[in-house]
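Below is one structure; the comments refer to it alone.
Each chain carries a letter (A, B, C and D) given by its place in the written order, and its residues are counted from 1.
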């Protein structure tokens, strides 16, 4: 196996190195990816940078590209997350009740120590709301600063993971149950795709947020796009939050969703 | 040697580094026997590709791709301002200049790739836990031995 | 200056990648992988890809490391290689 | 309404999956009607769109209203700004075949899955529908990066489907599949990155235009090393995904140890869609003149394909288990398609045959795997010897099996014959005699394999059959189930598939004529040569 690996690595490596000398210089603004190919007009990325303000009124170009111009990609990226969550449930989840005795040693106060519970518990009690608030800020403020649905969703999911790690999985599950997170994950994509389908009802294309202008009652389509993007990001955040926590809960408890880490 | 480094390695150092990191990941993916190690290798392999993409979008002297509203155009270079003017007649404010902001497209693509990567890692870890339940080990060679010994004909 | 920063991080990344693959203790390997992700996050912030850096900080250094640790906790901590 | 169909094909199963996810856990009886409904809508969409392509030519659909050339807020939108879907002669029929196959498998799967692992039925359906979404999306998209995302949708769901409810060996195979699949997708992603680096766009048609553009710089991009490396990386990535011979290691175990309803959908579709992606890359992105005249690895790849065909056939001949044998046949069939795509005859008959074979092989493999699923389920068949006298016990099932088997061998009224005919024609035209010989040998091997099965199933096994000792050990399991004919839900998909195999064979002339209208496929079409 080692020899096979060595051959594969050397072959792939030399193939990649072979092309490196042909690469545009690092940091060059006129490379085809950045500045477009000579004679082919403005490159796509130049158009993104120059026209995003006109088209969507969103300062963060990455958000505009992510949620609008390439929104179809992002929708399926969210589907990938849902698929991963579903796959993990399908693989690991133990649904037949196997009455196993609860391992008491883990919850033995003499080992765990009451003082530790107090320190960690208090810290988390203070920290988790702040983390969640920050996550919501990241989702909502994705138009103007780095951030958006994915980042906010992961942080929000991480706050539940922290709760599960600091106390135990049952405490976290009690706040965010299995039914809730599967439902929330599906609802997230429903929100996303719903914004797309609404555009179709107005006789325009799928994910054409400009068509939603009558709903948002904005002056002009760019603002409608901006609002729709926020809605879409919220949908992404729902799915990502739910699935990140779902994956953790399954991995930590071997699919039993109790007696976790 | 010095000339080689100056001409080939320095302007492309990121690309060389990406090849090296990618090869480390690929090697781990194939040669490591422990499944968790394989998965760490897989993640490293994927980050190498992300490194490649992000390196494509870098522009010297450019800032992050967030263009504030109504950006002032007084710092635009000569060739850029004529570029901007050609599209900009009915707008009150000049458009952002492309060379001032790093390329947003690779960033968007890599956001997708990172999230896909973590999804794959999660599924792979679930499969390896399920394997541990069946075989009691995470070493590839021990698993293969158990399969060969015929305990798992089906 | 910024280019030196770039090169230093890349070299550190290669080192952490090798260490995390060579350590026999899987828990350490997961932690070092978290460090690797954090370094790459720094690198991206330096390259102007703030959104990617943000995602990598949350996903790579945070959640993936937790997933790996959860699996290591439920399986075996020692590895043969 | 009609112009929304391209996207509805992809969205309908996705919404189905969401509905199953929302309501399936409480009430499993929701899953089946939702799946059937969603996939029926997709099938209607695929048929309508294919008809539109037939009458008016390629259909483009731009997501988000970012149509190329449209003026939005005073800005002209360039090609590649948003994501484009494209249905043309290359993928219209494949969409229909995928839609038919997933619909039939979802009908077939209803009882299989619910009886095996009742609590997880809704996960199965959700994953199954998302897999369909991924397959449709991969086929329909005209954006190189979007293709990667959809490859991942279909891969992740198939990892889950293979690993759920599998035996320990199946789980191990699933792990290997995860590793190989990720490497394949990553190589593809890297190849797209190289293309993006050189062309600055991700839209397949825009990449082709820039690649073939003649400007004052000459054709620096056309000749550049990066484009060559990009093509090699994409090729390797897709070869891993389609299990082309030296990279096939993950396939046989993954497909033979997973539940039958899973193998029924994965075996016919995943590899074929990957082959389609390879051909799409060759025809639409790089252009055939680049691939055959500039890159010109035709001989190497055809030889690899020859090795793949021979190795696949040889492995299939050595197998004792029914499903494993079928899996190795898939490896051989992938060799057919790759070889056909690369023979580079001037009339493009090899490529046409390869595209036709994608459709034909999807149906034939579906037919065989459906039979294998029914036989495993109803008669506990695992090894070939278990088929003893099966024609008497389950004549209705075995009739469907015969059609699929005859198609694999290449007997005239079935589509298998015609695809081989076109492939061989391409091989002869281009002078790749080794490919022709490999095809004939493989057909002969298929004939031997299937007539061996027919013999066992018709007349019972001979006592001198070499695998007798194996049989004794497994006898207990096989005898526990008394073989009975399955219900209509299992038989109807099988027979429909069998009928389609014959129908596709009879319609081969018009199908091939349709496929050959693909822009850029035939050299006479206006593709700028260097």
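As a working rule, contacts are C-beta pairs under 8 Å (C-beta built on N, C-alpha and C of every residue); 3 or more make two chains touch, one makes a residue touch a chain.
In this text, all values refer to a predicted model and were calculated from it rather than measured experimentally.
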item	value
Which of A-B and A-C has more C-beta contact pairs	A-B
Centre-of-Cα separation between subunit C and subunit A, whole angstrom	19
Chain centre separation (subunit A, subunit B; CA means) in Å	16
CA centroid of subunit A to CA centroid of subunit D, Å	30
Chain centre separation in whole Å, for subunit D relative to subunit B (CA means)	29
Where subunit C touches two or more other chains, by residue	50-51, 55, 59, 63, 67, 70-71, 74
Residues of subunit A touching at least two other chains	16, 21, 23, 31, 33-35, 44-45, 48, 51, 54, 60, 62, 66, 70, 73, 77, 80, 83-84, 87-88, 91, 146, 150, 247, 251, 254
Multi-chain contact residues (two or more partners), subunit D	74-75, 145, 149, 152, 156, 159-160, 163, 196-197, 202
Chains touching one another, given as label pairs in label order	A-B, A-C, A-D, B-C, B-D
Contact set on subunit C toward subunit A in their complex	50-51, 53-55, 58-59, 62-63, 66-67, 70-71, 73-74
Complex interface listing, subunit B residues touching subunit A	8, 11-16, 19, 22-23, 26-27, 29-31, 33, 55-60, 62, 64-71, 84, 87, 91, 95-99, 101, 103-108, 111-112, 115-116, 119-120, 122-123, 125-127, 129-130, 133
Residue ranges of subunit D touching subunit A (in the complex, touch as defined)	4, 7, 11, 14-15, 17-19, 21-22, 25, 61-67, 72-75, 77-78, 80-83, 119-120, 123-124, 126-127, 130, 133, 137, 143, 145-146, 149-150, 152-153, 156-157, 159-161, 163-164, 194, 196-202, 209-210, 213, 215-217, 221, 224-226, 228-229, 232-233
Partner subunit C, residues of subunit A touching it in the complex	60, 62-63, 66, 138, 146-148, 150-151, 154-155, 157-158, 161, 165, 244, 247-248, 251-252, 254, 260-261
Subunit A to subunit D touching residues, read off their complex	15-16, 18-19, 21-24, 31-45, 47-48, 51, 54-55, 68-73, 76-77, 79-80, 82-84, 86-91, 93, 95-96, 179, 182-183, 185-187, 189-190, 193, 196-197, 199-200, 204-211, 220-222
